Amino acid sequence: MADLHFLANPARFRRFSQRVVPSLSVATALMLAVGLYLALLQSPPDYQQGDTVRIMFVHVPSAWLAMAGYALLAGLGASLLIWRHPLAALMARAAAPVGAGFCAVCLLTGSLWGRPMWGAYWVWDARLTSMLLLFFLYLGHIALSRAYDEPDRGDRAAAILALIGVINLPIIKFSVDWWNTLHQPASVARLGGPSIHPSILVPLLWMAATLFLLFVLLVLLRTDTEIDRRRLENAEQQA
Amino acid sequence: MATPLLEVADLACRRGGRRVFERLSFSLGPGELLALTGRNGSGKTTLLRALALLIRPDTGSIHWQGTDVAAEPDAWRGRLAWLGHLEGLKADLSVAENLLAAERLRGAPPAGDRLDSALVAFDLSVLARRAMRTLSAGQRRRTALARVVLTQAPLWLLDEPLNALDAPAQAAFRGALASHLASGGLAIAATHADLGVAGARTLELGEPQKASA
Amino acid sequence: MSGFVALVARDLRLVWRRPGDVAVVLAFFVVATTLFPLGIGPEANVLARIAAGVLWCAALFAALLSLDRLFAADFEDGTLDLLLLAPWPLELAALAKCCAHWIVTGLPLAVLAPLLGVAFGLEPAVLLALSATLLVGTPTLSLIGGLAAALTLGARKSGALLALLALPLCVPTLIFGAGAVEALATGGDFRAHIAVLAALALVALATTPWAIAAALRQAGE
């Protein structure tokens, strides 16, 4: 968040992103290549889950990033409402679909994993259900920020929503866990067990770092686009 | 001229990335009227809303008796009477109910005989029990003006107060405004027409920014 | 405080002038609930099993349906400006609006739900429990829905958007509301559920008025 103060000015952000994006793209691509090797070839299949365990290398980091992404939206929302940083609004606009994308990837990979493990594409597992609700929160944020003719109003409404959403996320998570234990016995195999062998942990963390870089890269690129779009709209209005 | 009660310094507002006005400064003393003129879209409404703290200005300050109004916003709101484009009247309530509801929302005690005199001033006594929905545009405007008078607030902020008013109603408004000013009140009104106040100052908003005040 | 009371009184009086608006919402609740046995089939044990969930979901939808106009009417006729300009905290005004909404929807829903529960074959004790959960839970729905209504003020397609915003946030209340009734029916801890419902209402009470006020202020800009 400290970086945001430095980057509050769109022009300065533009210079920063233009310097960072090329090297970040190369780094992400290289890390992804290594990560895929680690995840698909180097790591052993799970004695219980077989090769399906490899889905975890995408699924788990996506879940982390989806949650971190919503926290980022809340942080950006606070910085827009309190300090009126113009860039915060644009970055939130850019980040919300990326976060929603990771959330969707998490849900899709979860259901692909669920088919062989649970025998069904969708099981009302507590974690999957919480993720689904997080996805809905993302959808609400995206829809609200784009629901106004004046983009400023959408930005600020979405910022308020993100702040209330982030307060409610733990409550939603807690109640879904409660609901789940109330309604069904513990699953045969839960997503991501408590003890993970290093041969799986290393590729998992590596992929997490890779996808984190991808997340940052996408947000930077999309923020750049949003800056252009907003300038264009302003120019059109004044013409 | 008495010492100014209201001092506005270096006010600037931006709407949707467009600068509406900037470096706007004026001051207003007891009994003074400031008429805001300028073409459509020149920022008259924006200025009124900024003065009422409905819009956060980009720069500048508003002082009342030397205190920044943003420091005590509730006290400032208590000093304002507001008349916007929209009357702020409920279609399903009667004239009297609307006036009483507005007074109570300001936290003031029910108006009693003040209500009657406000109704009389704008020739609304016979309409008092009629539902707002059944009234004409001019009758609604008169009700809204009666609401402004009822507040007994020292500063009136009026957006096109003469809109939709016929000649007798305009005269009634001029009378109410004159007695408000005579009792030391202040008023800022966006208007195209003459409000009939001798010595009223004008502030023309628009591209070549010239503040006469 | 007098402003708060005045605003609640004004909104109740407005509803009194147009009782049809509330009647439509309650009629929706009744009709929507009746559709479930028609869709699922009349087996008594199945209906009794799903009754709490169905009634809670229908109550949630009915509450949302009526929220569309909560601030929109004030926004359109200019009274929102008067609320923004009232010399007392806007947070209290937000609370007053939600309070009035609860009195004319949450409260009647809580009264109506047990009557519909009879049609689902619920025991008298369970009917009372259902009513109690709605009494404790619907204020949260009014507050969260009020926030969604304030956020979508002046937006395009505000009705559907309002539901999209409010529904995920209402999930905890739904879970514990319906869960409480089920807990009573299956010998679980009913009181614990009610306590959590009350806690959820308190969290909503502590957070939403500020958010609603912020949303209304930016709608006034």
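When the chains are written out, they are named A, B and C in that same order, and each has its own residue count from 1.
Note that a residue touches a chain if its C-beta (ideal position, glycine included) is under 8 Å from a C-beta of that chain, and two chains touch if they have at least 3 such contacts.
The shown structure was predicted, so the numbers you read here are calculated from the model rather than taken from an experiment.
**Q** Where the centre means the average of the CA atoms, what chain is farthest from chain C?
**A** B
**Q** Which chain has its Cα centroid closest to the overall Cα centroid?
**A** C
**Q** List the centre-to-centre spacing of chain B and chain C in whole Å, with centres computed as mean CA coordinates.
**A** 37
**Q** Approximately how many whole Å separate the CA-defined centres of chain A and chain C?
**A** 31
**Q** On a C-alpha centroid basis, what's the spacing between chain A and chain B, in Å?
**A** Chain A and chain B have C-alpha centres separated by 49 Å.
**Q** Mark out which residues of chain C touch at least two other chains, giving numbers and ranges.
**A** 221
**Q** Would you mind writing out the residues of chain C in touch with chain B in their complex?
**A** On the chain C side, the touching residues are 2-3, 6-7, 9-10, 13-14, 17-18, 76-79, 81-89, 220-221.
**Q** Which residues of chain A touch chain C once you look at their complex with the stated criterion?
**A** Residue positions touching the partner: 81, 133, 136-137, 139-140, 143-144, 147-149, 153-154, 156-157, 160-161, 163-165, 167-168, 171-172, 174-176, 178-179, 182.
**Q** Touching residues of chain C toward chain A in the complex: what are they?
**A** 147, 151-152, 154-158, 161, 164-165, 167-169, 171-172, 175-176, 179, 182, 188, 196, 200, 203, 207-208, 211, 214-215, 218-219, 221
**Q** Which residues of chain B touch chain C in their complex?
**A** 49, 52, 54-56, 74-75, 77-78, 80, 82, 84-93, 97, 101-102, 104-107
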